[in-house]
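After the structure tokens below, expect a handful of questions from me.
For reference, chains read A, B, C and D in written order, and residue numbers begin at 1 within each chain.
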Amino acid sequence: MTESLKLTVDERDDGLAVVYTDGYINNQGGEEIAATAYRLIDAGHRKLLLNLAETKIVNSIGISILIEIIEKMLEIDGQLSFCCLTPTIAKTFHIMGLAQYAQIHETEEEALAALT
Amino acid sequence: MTESLKLTVDERDDGLAVVYTDGYINNQGGEEIAATAYRLIDAGHRKLLLNLAETKIVNSIGISILIEIIEKMLEIDGQLSFCCLTPTIAKTFHIMGLAQYAQIHETEEEALAALT
Amino acid sequence: MQPVTLTLPMITDMELTASHTAGALGRQIGMASDQIDEIKQAVVEACINAFEHSGAIRREVVVQLDVLGTDDAPEGMRISVRDFGTGFNLDRARNPRGERLVDLKRGHGLRIIEGLMDEIHIESDGGGTTVVMTKLR
Amino acid sequence: MQPVTLTLPMITDMELTASHTAGALGRQIGMASDQIDEIKQAVVEACINAFEHSGAIRREVVVQLDVLGTDDAPEGMRISVRDFGTGFNLDRARNPRGERLVDLKRGHGLRIIEGLMDEIHIESDGGGTTVVMTKLR
């Protein structure tokens, strides 16, 4: 429960940062991820990877906020990718049409290889 | 939910092992911890530390099963300690009278220092 | 098994209560864990739709969960989420959305439920909305 | 806020549904997180007592959660857990237990509830048991 979302950020070389989510991505969780993403963008990062391994449930309001990050990324010629989605969250992303605008990878290695 | 308990075991030197719990300790969770403890005892370990940092809720049936591990440990002249309990779980252990028979420490370092 | 009934206020995280309950029921009747996750996700969407869109003065939802089939041979689960709001016009809600990224932001809840469950049935009028979702094992 | 009512089957993890609901309600009314954890733990114990001891043929509990005070100035939470079992003799249940380790194994549920909540009140007869627990902010 909100039993709020925990975020861990790993800032790497080459303008790449990985954000690990742990918990439910609802409205508030989406806002927290967006705030973190904008902070990373301001710090010069242009490639973001969201690793959702520890997120077992989302809601469409929270995910809509992630769409705003994708928009922002397209604007600045950056890239947002996702990895480690549960099968249900992957399905949900596809139903929402996210897969057209952001890359979704099974593993973190795969995602990193595609980003760098 | 059961969303079952996850256990991670770290077997160290000197017959010491640390068991990390992640999740709800109910009946079934207690049984899993007991099975792991008996396996470690069979492997020669005499000092066990249960680190409950990632356990936010328990029930008294699950904890009763931990009392059986304490009994076993007293029999074989071993020792079972606990660390990293939430304040509520610590209160619950005290109400159950566990604190008389097993050491309860705030941090893992403290617990390890007392065990070795 | 008797139906499970939850009367829940429309407050933060209450959708998770409904979702967790559905999950526990799914495990009880031996559904596969991916199926359970799909049900849990669909229940969240149905609840937040009621929280967000119902316009209800009576700020609660009634969630009912039923096991289909018999206790010995459960066949699936049916979940209904009822609110006491102003209802909505289903045809308008289902209008195709644009394909620009900005259009993707809303209008997902019902499609997610449809995509994740085997069946969805909606009744909506001035007395409120009931979304009934079914998933077979 | 309207009372929250949960009618839950006595199956694995259903005590967590009740507990999570109490947690969400506690957050909603701004209780401290340690207080919320204590309520959640007490609710688990009340539910598993009903699951384990009620001897009920009707395998469900009715959990009701009420916010005390007003919506603007909530004063705490009252939770009742009702089963439809055979009831029990409170005085016998409260008999002091031995102090040997082996005696520690059972007889904890009610004492945990008493220790964690501000007030506990039990009504029990041949029609079942209701445990009413209160915690003030």
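Keep in mind that, in the parts below, a contact is a pair of C-beta atoms (placed from the backbone, for glycine too) under 8 Å apart; a residue touches a chain by one contact, two chains touch by 3 or more.
Note that the structure is a prediction, hence the values are computed from the model and not measured.
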**OP:** State which chains count as neighbours of chain B and simultaneously of chain C.
**Re:** D
**OP:** Using mean Cα positions as chain centres, tell me which chain lies farthest from chain B.
**Re:** C
Original post:
Rounded to the nearest whole Å, what is the centre-to-centre distance of chain B and chain D, using the mean of the C-alpha atoms as each centre?
Top reply: 25
Original post:
Any idea how many Å lie between the Cα centroids of chain C and chain D?
Top reply: 28
**OP:** Would you kindly tell me how far, in whole Å, the mean C-alpha position of chain D lies from that of chain A?
**Re:** 39
**OP:** Identify all positions of chain C at which a residue touches two or more other chains, and write them in rising order.
**Re:** 12-13, 16, 20, 23-24, 27
Original post:
Residues of chain A touching 2+ other chains?
Top reply: 1-3
**OP:** Going by the contact rule at the top, pick out the chain C residues touching chain A in the complex.
**Re:** 12-13, 15-16, 19, 34, 37-38, 40-41, 44-45, 48, 52, 99, 101-102, 104-106, 108-109, 111-112, 115-116
**OP:** Spell out the residues on chain C that touch chain D in their complex, using ranges where they run on.
**Re:** 1-9, 11-14, 16-17, 20-21, 23-25, 27-28, 58-60
Original post:
Tell me, which parts of chain A touch chain C in their complex?
Top reply: 1-3, 24, 26, 28, 56-61, 63-64, 67-68, 70-71, 74, 86-89, 91-92, 95-98, 101
